[in-house]
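Here come two complexes built around subunit A, the first alongside subunit B, the second alongside subunit C.
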Partner chain A sequence: MKELRIATTLEEALALIAEGYQPVAGGTDLVVAARGGNSELPDHVVAIDRLAELSEINSSTGGLQIGATVSHARLMSDESVVDGFTALADAAALVGSPATRNVGTIGGNVMNASPAMDTGSPLVVLDAEIVLRSARGERLVPVSDFWTGPGQTASEPDELCTAVAIPNLPSDSGSAYVRLEYRRAMEIAVVGAGAVVSLDPDGDGRVVGASLALTAVAPTVIAVHGIADALIGRLIDESALADVAALAGDQASPISDLRASNDYRRHTVGVMARRAVEAASRRATGESILVPVNRSIGIGAVT
Partner chain B sequence: MTIAETPRFVRADGPDKVTGSGRYTADMQLAGMLAAKFKFAEVAHARIVRLDISAARQIPGVLAVLTDDDVPDVRYSAGLADRTLFARDVVRYEGEVVAAVAATTKEAAQAAVDAIVVEYEPLPIVDDLEAATADGAVLVHPEWESYSASPGIPRDGNVASHSSVVRGDVVRGLSEADIVVTSRYVADGSHAAPIEPRAVVAQWEGDKVTIWSSTQVPFAARDGVCHTLGLPTNRVRVIVPHMGGGFGGKCGFHYEAHVAALARAARRPVKLVFTRREEFIAPDRRRESMIVDLTTGVKSDGTIVARRGHALLDNGAYTADSSFFPQLAVMHLAGPYVIPNVEIGAELVYTNHQPSGSVRAPTAPQATWARESHTDEVAAALGMDPVEFRLLNAVETGTVGPSGQTYDEIGLTDCIRKAVAASETAGPLADNEAVGVAVGWWPSIPAPSGAYVKIDGDGAGQIVTGAQECGTGSVMTLRQLAADELGMDPEEFQIVHQDTAVAPYDTGATGSQTLFNNGRAVIAAAGQIAEQLRELAADRLEASSADIVLSDGAAHVAGSPDRNVSIAKLARTASYCELLIGHGSGPPPSAPEISGATCAGDAGMAAWVAPQFSCHAARIRIDRDTGVVRVIRVDAVHDSGTIINPTGALGQVEGGVVMGIGQAISEGTVYGTDGRQRNPALLEYKLQTAADAPEIHTQFVEIFTPDAGPRGAKGIAEAPNVPTAAAIANAVTKLIGRPVSHLPMTPERVWEATR
Partner chain C sequence: MTHEFELQVNGIAHPVDVDPSRSLLSVIRDEIGLTGTKEGCDDCECGACMVLLDGQPVNSCSYLAAQAEGRSVTTIEGIMNGDELAEIQKDMLDEGGVQCGFCTPGMIISATALFARNPDPTKDEIQIGLSGNLCRCTGYGRILEAMKHTAANRD
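Showing the complex of A and B:
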């Protein structure tokens, strides 16, 4: 016999989770995987989608706190996300279909921990922290330590993700997320890349900070090492972008599967990386590139 | 009437479908109904050394477990009876049914399936078309000499059927050519992938069974049940509730007999609903993979003098309706061109893959993709514009085509000019854009078909037809034909259809044939009532029946609109004396004669009745860094004769184009070395989505075609699926400088070709 409880307070949810109930938010991973026969539906499930305190987006001076049950549809259109943390909006706008985006949540995406998750690279480059709560209390885990393998996270079984906290970017910064798409909806990331680029406000467009992360080319989303060293002090020109692509290709450890060979993934992750860096740097100059980048520049552009 | 003047006629089943009030087979509930589940082989080729169902029978709630031992010893399949309902001794593909279970719940049925013990001795897997036709190949059906087959099927080796067209002297033609171009193309198999996985419900009452099935061809389904279970046709009734698409995948006789046999054994109604995975691996209907070799010789002025061609088609493990595929493939490798010397052959090859069968325009998208890509290669070798090259060689009214058929009035060159002109209106091409052009052709299929029409005492009309609606809307269009014949409004007619016990025979939603043949039947049936109405009105209006005109819901005397009586009044009169009942069928159009071709394995497909022609111009954009191709716009121009229902015809073209895009760039079955499908799921088998659909601009070259369908109409449902992939391919080649010779042209394959 399966049991579904609908939590009405956070305390109730935490108590049930401590008893072994598994949280469900949108159910687009949990329920769909069970129906597809990939993993059985847990016997005890607690729905967290009605907890108002998990569905807020709060700006503070230091940054943004995004509640765990905020949907992708909201992420892609929320002004504070689109203005300050654009890569995350780029990613949310690519998730599945309108239906998937309306019910799928950022908390579910983070906790499901797929190497192909679209919000992963943006959260890495934006230096986010995952806010975890249990009956024992609250703690914050930097995303760089959070995903430990496919479907695996640093959270404890009794912990609920309540929010994602993202610090503000320095001025003259921009971010972007780009994904390889074989079609324009219902896609899964074959490869993707997120980037943050900060420019010298007084300089002539020289880079003062940069980060880059890659999607679906390793057991988890990965940060690219050495990207800041490679770019700081340079202009984002063809030679800088070629270096970005090479760095990304070198650090990727893609597999060959039905969706692509490792050769093709290694090549295209470089292409995505350079496009993400280019879009982020253009946004850093104040240029407005509509969300998602995939629909604004390159092959996916809507005409 | 031109297309602009024809009244827009919207299908009647739309509201039901979009509001969710429509009921599909899987929605059915009957008292005491059981759930069915199948035990599939799950291996591609093996001998069954042990099959033990005893544990499955013990599972609580299980009321029937059937295997080959429990059904009559009958082989079936049109043309070549190579199948049995349940695996016998050997399984030949992963989706073969080994056993079937009926139980009170789905879970119990699944538990019983899991409890069935099957031990296999593996057999070598036949999955390479060339190896399968080589000497000494492992045979998929070693003892097939004992199967019954149509004459002309040799039952030897792994070739399930073959066909060729030979005209003129190819060796001489090629030797006299100035330029000879040779190409090889390989197409992966693909799927119909309807949104509704199939479902079957069966219920016995005494010695009669009623079967509700999501089939495109209820009469063929009925006949399959009768044949395999040994029943006369009047004891099997097949009814089709709403259908969620078919695209050919639901043609043929599939699982109706399995479910009927389960219901009989369990003495309860039984329902089978496939999962998406089952829908991918099991039915004997998927688009065949193909290897194509083409050699064409041309004069330096651009005229084609000779073509040699050969295709290998993957039949899979059993023959569904595919025996005639080689002949269709041959016609598509030849193409709608004047070629004096041809020698083209095709072979349908047994493998341990899922059986192939009629998916929308069988053989055509792949073979046309190969031929039209080759056509652009030939034009490039000549240094000639590919459109000019096509116009120079295309068949025209009065010319003799590659199979020796002389064409009546046809509009192919018009289609080409109009498609190219329309695509040029879309503005200049960016440097990552190109337009590719391809032509296609497709036969109309004459077949017997019947309908009744009645008008009751209140003047309301009813059409009772054997025709089947699979989502194309063509059955709905029958109302328009009956109404026109009787001077009534289409809205005054209801349709009773897709019930084999109630209506006369029709082939079903297959071969673009519904309106083409059943339209004739409905017009004939309505014509009988029109005759009755004219007699009644003549009496009433004191005129000669020859002078009575039926229009606007009334009968009036020609030239005197004031002397009239409403059809409703006449209907009331008739309801007290001789009822208004019409029945119709009418003789199907006959096949034209052909001359000068010799045909081995002639399946009657070398002479095409009312052939349809088309030209698509596809504008694409390429991402050179990744190989991703997007189709921006397709200009589709079709000669399908008179267009009876423009709204419906546009829908067919748009759907066909989008399906064609899928086949071009994203849809393909990937097989593992174990002979099993690796992508039997919608995430990994990539259909195009609404978000991917390009702008589609459609035009019809309307030519009244004699010896065709009603009012000079040809078919329309399959033709739009024929040239799209080819047009896209030719655009890709323009951008990357060489053809991508493997279908689908996935981003990775395009990228590989650019390296």
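Showing the complex of A and C:
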């Protein structure tokens, strides 16, 4: 790196990014990749971690706007996130270690665009929009259109992710994120699944809406098609969960690598999908399942 | 171009003028001369380099030193109560939580942050608090015993 600038206003940061400066917040991707020898630090970097307007979580009547530099530690403990958008808190609580979560940010995850990012499936099932700012103005991109490949996004080079915007869920809804992990910390998802389930407010337990997304089984985090059609009008029982697992496995296109084979990932992502749907539906009934689901329903539970 | 700034470590402001790529760890060790903070993996995996940044644990190997300007850095050298070891340091010695000692400063930094936000942690909470710190000697048993002893004896 030749130069690091510490931005004190968003306008200053946007002007520098337009000149080709790369943004850094906690550095858990940019700096760690350089330490690990995977890529050099860029020549010109602008630090955005002091911009107060990027670090806020704002509730409105329509939903929640989470600033790009909100850390995983805040996501997993913020009341409005835990209560209303629990899958995102589940995911944030699994990222790295306490030290990673203190400096890692939601905006960094979004722009790094890893297909294994834990916060990805929750953002997809929660219908998030990515807020992009540049000197030219602001635009919102639905998260389903945002990731275009591993490490690739629909953002322009002069755009900075300033926030993610998430609409409120209907009443009687719950969400959850579950991942397969080989160790309990400093882990990257082998596979993962996020789900939202909405139940009939009349209380008969039948599904009125559902969405499901999968982690680390395709070039990007992917939404599972047909999940709402498969579940609406049904109870979340063994037969419904078997259908969830089958849909997930069918739509996964995993690679084989050091960490797992294609076949193993295709099977286990179905298992994670049914666990995520089950946990989301239980939360939709008002049952309290502590964040993260991984520690609460026995996967990698600390004993 | 070098980056000139002031780095506050253990309550003392140090003027620093370094390459902006330099990690917080390398500046603490090689510019300021505090070598209690260790370089293990230099890749954000092992936690030997853990310091407190405004009271929160951070892997200093992968944090740009210049981003710590205006923030308060605490290293293992800043943990003692004057000339006395902190309780957690005494308990690590008494319980045999130290073998080669390389992970020990990072372990104690993580534990210090844990106890500051949670004065009476459960065993699960201690394990999560230490989950970014690797030890290749002890098998963790005696380190956990030391932490549980510290937790049990806090007011």
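We adopt the following convention: the second predicted complex is superposed on the first by the 299 of 303 C-alpha atoms of A that agree within 3 Å, B and C clash if a C-alpha of one lies under 4 Å from a C-alpha of the other, contacts with A are read in each partner's own complex, and residues count from 1 in each chain.
Following the convention adopted for this analysis, contacts are C-beta pairs under 8 Å (C-beta built on N, C-alpha and C of every residue); 3 or more make two chains touch, one makes a residue touch a chain.
Everything numeric here is computed off the predicted structure, so don't read it as measured data.
Undergrad: Which partner chains sit in contact with A:Leu41 here, subunit B, subunit C, both or neither? Use first/second/both/neither.
TA: A:Leu41 sits against subunit C, while subunit B stays out of touch.
Undergrad: For A:Ala99, is the partner it touches subunit B (first), subunit C (second), both, or none of the two (neither)?
TA: A:Ala99 contacts subunit C only, not subunit B.
Undergrad: Touching A:Arg259 in the superposition: subunit B (first), subunit C (second), both, neither?
TA: Only subunit B is touched by A:Arg259; subunit C is not.
Undergrad: After superposition on the shared chain, which partner residues are touched by A:Val31: those of subunit B (first), subunit C (second), both, or neither?
TA: Touch status of A:Val31: second partner only.
Undergrad: Counting touched residues of subunit A, say whether subunit B or subunit C comes out ahead.
TA: C
Undergrad: Looking at A:Ile188 after the superposition, I want to know if it touches subunit B, subunit C, both of them or none. Which is it: first, second, both, neither?
TA: first
Undergrad: Looking at A:Leu180 after the superposition, I want to know if it touches subunit B, subunit C, both of them or none. Which is it: first, second, both, neither?
TA: So A:Leu180 only meets subunit B here.
Undergrad: Quick check on the output: what are the common subunit A residues between the subunit B footprint and the subunit C footprint?
TA: In the superposed arrangement, which is not itself an observed complex, subunit A uses residues 36, 97, 184-186 for both subunit B and subunit C.
Undergrad: Going by the contact rule at the top, pick out the subunit A residues touching subunit C in the complex.
TA: It is residues 1-4, 6, 24, 26-28, 31-32, 34-36, 41, 45, 47, 49, 73, 96-100, 102-103, 184-186, 302 of subunit A that touch subunit C.
Undergrad: Mind pulling up the subunit C residues that touch subunit A in the complex?
TA: Residue positions touching the partner: 1, 3, 19-21, 23, 42-45, 47, 50, 53, 56-59, 61-64, 66-67, 69, 110, 113-114, 124, 127-129, 131-133.
Undergrad: Using the touch definition up top, name the residues of subunit A that touch subunit B in the complex.
TA: The contact residues of subunit A facing subunit B are 36-37, 97, 180-186, 188, 258-261, 264, 267-268, 271, 298-300, 303.
Undergrad: Any idea which subunit B residues touch subunit A in the complex?
TA: Spelled out, the residues of subunit B in touch with subunit A are 277, 432, 621-623, 625-626, 628, 630, 632, 666, 670, 678-679, 681-684, 686, 688-692, 746-748, 751.
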